[in-house]
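One structure is given below, represented as structure tokens, and several questions about it will come after.
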Amino acid sequence: MRIDGRQNDELRKFNITRNYLLHPEGSVLIETGNTKVICTATIEEKVPPFLKGQGKGWVSAEYSMLPRSTHTRKIRNSSKGKIDGRTQEIQRLIGRSLRSIVDLEKLGERTIWIDCDVIQADGGTRTASITGAYVALMDALMKLKNEALIKEIPMNDYIAAVSVGIVNGEVLLDLCYEEDSSAKVDMNLIMTSKGEFIEIQGTGEEAPFSKAELNKLLEFGEKGILELIEFQKKALGY
Amino acid sequence: MRIDGRQNDELRKFNITRNYLLHPEGSVLIETGNTKVICTATIEEKVPPFLKGQGKGWVSAEYSMLPRSTHTRKIRNSSKGKIDGRTQEIQRLIGRSLRSIVDLEKLGERTIWIDCDVIQADGGTRTASITGAYVALMDALMKLKNEALIKEIPMNDYIAAVSVGIVNGEVLLDLCYEEDSSAKVDMNLIMTSKGEFIEIQGTGEEAPFSKAELNKLLEFGEKGILELIEFQKKALGY
Amino acid sequence: MRIDGRQNDELRKFNITRNYLLHPEGSVLIETGNTKVICTATIEEKVPPFLKGQGKGWVSAEYSMLPRSTHTRKIRNSSKGKIDGRTQEIQRLIGRSLRSIVDLEKLGERTIWIDCDVIQADGGTRTASITGAYVALMDALMKLKNEALIKEIPMNDYIAAVSVGIVNGEVLLDLCYEEDSSAKVDMNLIMTSKGEFIEIQGTGEEAPFSKAELNKLLEFGEKGILELIEFQKKALGY
Amino acid sequence: MRIDGRQNDELRKFNITRNYLLHPEGSVLIETGNTKVICTATIEEKVPPFLKGQGKGWVSAEYSMLPRSTHTRKIRNSSKGKIDGRTQEIQRLIGRSLRSIVDLEKLGERTIWIDCDVIQADGGTRTASITGAYVALMDALMKLKNEALIKEIPMNDYIAAVSVGIVNGEVLLDLCYEEDSSAKVDMNLIMTSKGEFIEIQGTGEEAPFSKAELNKLLEFGEKGILELIEFQKKALGY
Amino acid sequence: MRIDGRQNDELRKFNITRNYLLHPEGSVLIETGNTKVICTATIEEKVPPFLKGQGKGWVSAEYSMLPRSTHTRKIRNSSKGKIDGRTQEIQRLIGRSLRSIVDLEKLGERTIWIDCDVIQADGGTRTASITGAYVALMDALMKLKNEALIKEIPMNDYIAAVSVGIVNGEVLLDLCYEEDSSAKVDMNLIMTSKGEFIEIQGTGEEAPFSKAELNKLLEFGEKGILELIEFQKKALGY
Amino acid sequence: MRIDGRQNDELRKFNITRNYLLHPEGSVLIETGNTKVICTATIEEKVPPFLKGQGKGWVSAEYSMLPRSTHTRKIRNSSKGKIDGRTQEIQRLIGRSLRSIVDLEKLGERTIWIDCDVIQADGGTRTASITGAYVALMDALMKLKNEALIKEIPMNDYIAAVSVGIVNGEVLLDLCYEEDSSAKVDMNLIMTSKGEFIEIQGTGEEAPFSKAELNKLLEFGEKGILELIEFQKKALGY
């Protein structure tokens, strides 16, 4: 039995609040169990230097945790004067996975900035960030379309992300912090609504894992992601 | 008539949510009009080097804005690799004003970290941070007392903060962003429940102001602060 | 009786040396008691990006202390790789107060850089910086006028700054370091020759202060500032 | 046919030179095709603060590229004053994967520093770094054993790493730079001699990939890794 | 004929003011022509980590220029967030040359911090810094002796420094800025009262120089340094 | 007798490998005794801002040591977030000395970047860097000429560099690390094939040195440099 009484392949209680903030072009509060992340999308009418003049757009992401989103206070990256490695890894992952389903040519020469700020952390903040950022990004794209700045929503598919892992020999879906911190294997999956992979990141830091375990992890992950995509569709009114 | 229909000496709609987050020793969501700030208090059982071994405690504050708390996206201090001057000024102000009413000797050799993170900004974020941080700080101190780590709550009085200013020749209480950005004079006041001053910061960046104007600013400010302290008392159950 | 035998409302011995350095467009050594600050004004024929093309000028200030301007050696900001909060606060204050009396439109699209370098510190370095910087700024503006780059001196009034405080229950004008370090209330005032306020910054870090105390602080401050403006006028030959 | 005439599941020409440098406790030049990396292992008789006093050791890794290891000159991280995200990601990966097969308790309270410096880059530098670092690490551990500082080599298995990808619809093993830069799917695999996974990192930045493609990628990767482990064994004299 | 009418082997007008500042253990204003540097010496009762417990002392130096010591405003190193290469080179030179004549064992386990702050620059700031710092250092050492913290002044000899160069084919002593900026060869010499070398740094950036030219440069340099040492002796009252 | 059996005026075993790396326009492995440095030259078709539009070129140099090029592991400058003083000094020296023999006007408006990366250090890394960088620079210039981007090789002479020093009272040429670390006097010389000086940097950190000692140091240095220039010529095929 899991800590919070869930089945091994069961997601945590999930909620998406659209238009959570007043100013951004897209803004979402995503809640999955006790994990809460504010995801915003900002439209900027220019692109990074390496893309200038190519008629293509860009999606860039930043991720941060409030100091007391976690059990013990985390020192701010701004106080340290540099962005720690974990944060860099996560924001690169968010940006890369969103870019993979946006049609950057159709987006036109503009950048969408995605900001994922973790208000409360209980495991799975990076996957929740991606799942929520997708919705904020859609809102920003619809705003562009409503203002006739683009002709169609330049989005190729839905994507969502979830964590899976092996804890005490059991394969589990959507790990909370306590499960995550005792996991032998930890995997983050990002998939489309067609069940195809955008990203697989699996780590056996404490012990290697077998092909059979991998397959079960992928199976649970796919199940969770397809459910999350249903939540996204409902939130977006489809 | 003000933009939002308020009287010149009227506060915006105000709300305090205690225990807003799961992990911190004290955590508050403060809402004043459209301005929303998460204030947390963290207990750390050590003091900065300059206080070591003196049996006294410390209160330290950090302040930050989410990139899209504002109309246009604000670049993160962590991305710039340094904390901008405005942020430094504000976090020094928050820490200084809270230290002025805490009995640091009775607090004992520990630090209370105050984190004020602006989720949405519509003017008055620094004063809202102080007013909210006071409540989060009280919650952390009560936790220390409940755990018998201190004998009494080492707090000398209530404090709250508010902005006043002169806009189009009118003295106004609790300026929203639009008022603030066209103010000729801008003042932040921090006062106790006895109507005494902790901090006065008044700036006539666009034009100097007279003694008479100063007096009216102080009068409006005092009125607002005493009302805010009533909200604090109610939130804390007094 | 004060440490140095002064009356409570008496300034320290004061001196301004114009043209103190060879290279700058304006340069002043200001001495008030044992506090000595070199203030320079530099003309740069461009403005910060946010002002480009608006035909308006800018005044920007930097402040620094020599490591041994103080009793114990202060580590350089350049060695720490970042500017400390107190320094940022002071240089923002100097720039803001000088901009408030310069007619930036008449200045034209150029920047005046103000540098205040404290050679010796004995309290009141930020207020001495402002009082001295005013004179250096005037010298730079006169140079612009002499070179026919501007038609008139774009300065609306005189300004000077002074500290006041409450020490052992007494309100004192122009605190030296020893007084300042035992002050219960500490206030910096910047005023014009008409007795109007540019900036009020009062802090009761150790104890709140009353309206009556505030009024006495303002009275002493005004007296001191009007005397300092007389010194400025004399130094400038008016 | 591949650019360099290889079969789709064929590794590039591979070589390991042990004791490549004079000073380090372990040092290896690893060459795979035109990719050349110097991997060193340094023994330090202390552990990071979070491990102090627990009797456990640590393995930490740093990765860097010479500015002209690449086609165009790469600006040094030291010149930029910060470590870029890609570098951070890679050095975290190297450290994590090596820690997963070292018995940190048997290592005792000491740190092994792994430095991977890319002399020449032609794709696969991160996987070459791991494969080479394993051998340098073994040399350092053998030195510890020879000096009787540890009783047995605290290594649980062999590990090696390789890249696989999908280029023009073909699954390829051990991509060179030209293949890598046109790959639709890019995957790095780290596995043990038993064919178990330490790390899977697969990215479909340009297009998602299916379960069938994933299986073929894993099959090719396992083949390559088992061959690389044979090279490691031979280099180490087993 | 030189710009300022000097002979080729003639020093500029030179002056040393001892006890220039109130707080430091040693402080000197050195003026050579229009170059003015404040040199201070600070005693700190601890040593850098690498010397701890060895009973030996240390001398460390920092050098900085006021932004408007120069013709055009120099951006502060603190604003850039790092110390530029030229500054690092100079402060390493000052520290190294002073350490070479101090008996660090007799100094005892303490550090003397030397701060050289250029108030006005007209060539030769690094050599003036060394010549002046010597006197400030002597004052700090005498203070230690007067307080009976050391038994004798741990100084082995006098040292002074001067620049020499080749301008328009002429070897010149003590170059001012205008000469320095058109010099083909530029050399800084640090010597003792016995005419021995502490440091020779000669650069033919625009053209190489011959052995014969080197000898003449050294001859002029020695003449200048012996004169400077006479000034030091007189300033110190010998 | 020297540690490695050499005569006092004898160079270490010396080797230059041209075209050491695949990508750079010039790349050299220089080995002198156990010291090994990779020197590369990169052509960039632009100049630093201060040279823009003047039709002149530039040569800029960077220097770095692999962490385990030395006996104990050296922390990377990138990890420290800043370039240490010694590194800055060395890269300024390399750039300055190479610029002194390149005809920057004939080079045209382009920059040659020199990178010197020390693979293994046993004394004399900065002088080996210069001697090797000269050859890499020549290779890059010949490439420019072969591509008809310049009409002639814009190089005025050969230059090489060597260290000399005084160890146990003996003047020695080309010091290895063990000699260098016990040297009383340490000197680096950069000279042309005509025996003229580009740079002399001599330091008597532990003891001053006399004119007679200087002359002997220069004599040994010249002998060594002329031999090194013969090696350069041979490597370049002259």
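When the chains are written out, they are named A, B, C, D, E and F in that same order, and each has its own residue count from 1.
FYI, a contact is a pair of C-beta atoms (placed from the backbone, for glycine too) under 8 Å apart; a residue touches a chain by one contact, two chains touch by 3 or more.
For each chain, UniProt lists the protein as follows: A, B, C, D, E, F = Ribonuclease PH.
Keep in mind it's a predicted model, so treat the numbers as computed, not measured.
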item	value
Path length in the contact graph (subunit A (Ribonuclease PH) to subunit E (Ribonuclease PH), fewest steps)	3
Self-contact between copies subunit B (Ribonuclease PH) and subunit C (Ribonuclease PH), residue sets same or different by half	same
Size of the rotation, in steps of 5 degrees, that lays the CA trace of subunit B (Ribonuclease PH) over subunit F (Ribonuclease PH)	180
Chain pair equivalent in interface to B-C, over half of contacts matched, among C-E, D-F or A-D	A-D
Centroid spacing, where centroids are CA-atom means, of subunit E (Ribonuclease PH) and subunit F (Ribonuclease PH) in whole angstrom	28
For subunit A (Ribonuclease PH) paired with subunit B (Ribonuclease PH), centre-to-centre distance based on mean C-alpha positions, whole Å	33
Geometric centre distance via CA averages, subunit F (Ribonuclease PH)-subunit A (Ribonuclease PH), whole Å	51
Residue numbers of subunit B (Ribonuclease PH) (touch at least two other chains)	81-83
Cyclic ordering of chains (reference subunit B (Ribonuclease PH), direction subunit C (Ribonuclease PH))	B, C, E, F, D, A
Contact set on subunit B (Ribonuclease PH) toward subunit C (Ribonuclease PH) in their complex	82-83, 85-86, 88-89, 91-92, 96, 99-101, 157, 187, 191-192, 194-211, 214, 218
Complex contact set, residues of subunit B (Ribonuclease PH) against subunit A (Ribonuclease PH)	21-24, 27, 34, 38, 40, 42, 44, 62, 64, 66-71, 73, 76-83, 113, 115, 117, 119-120, 122
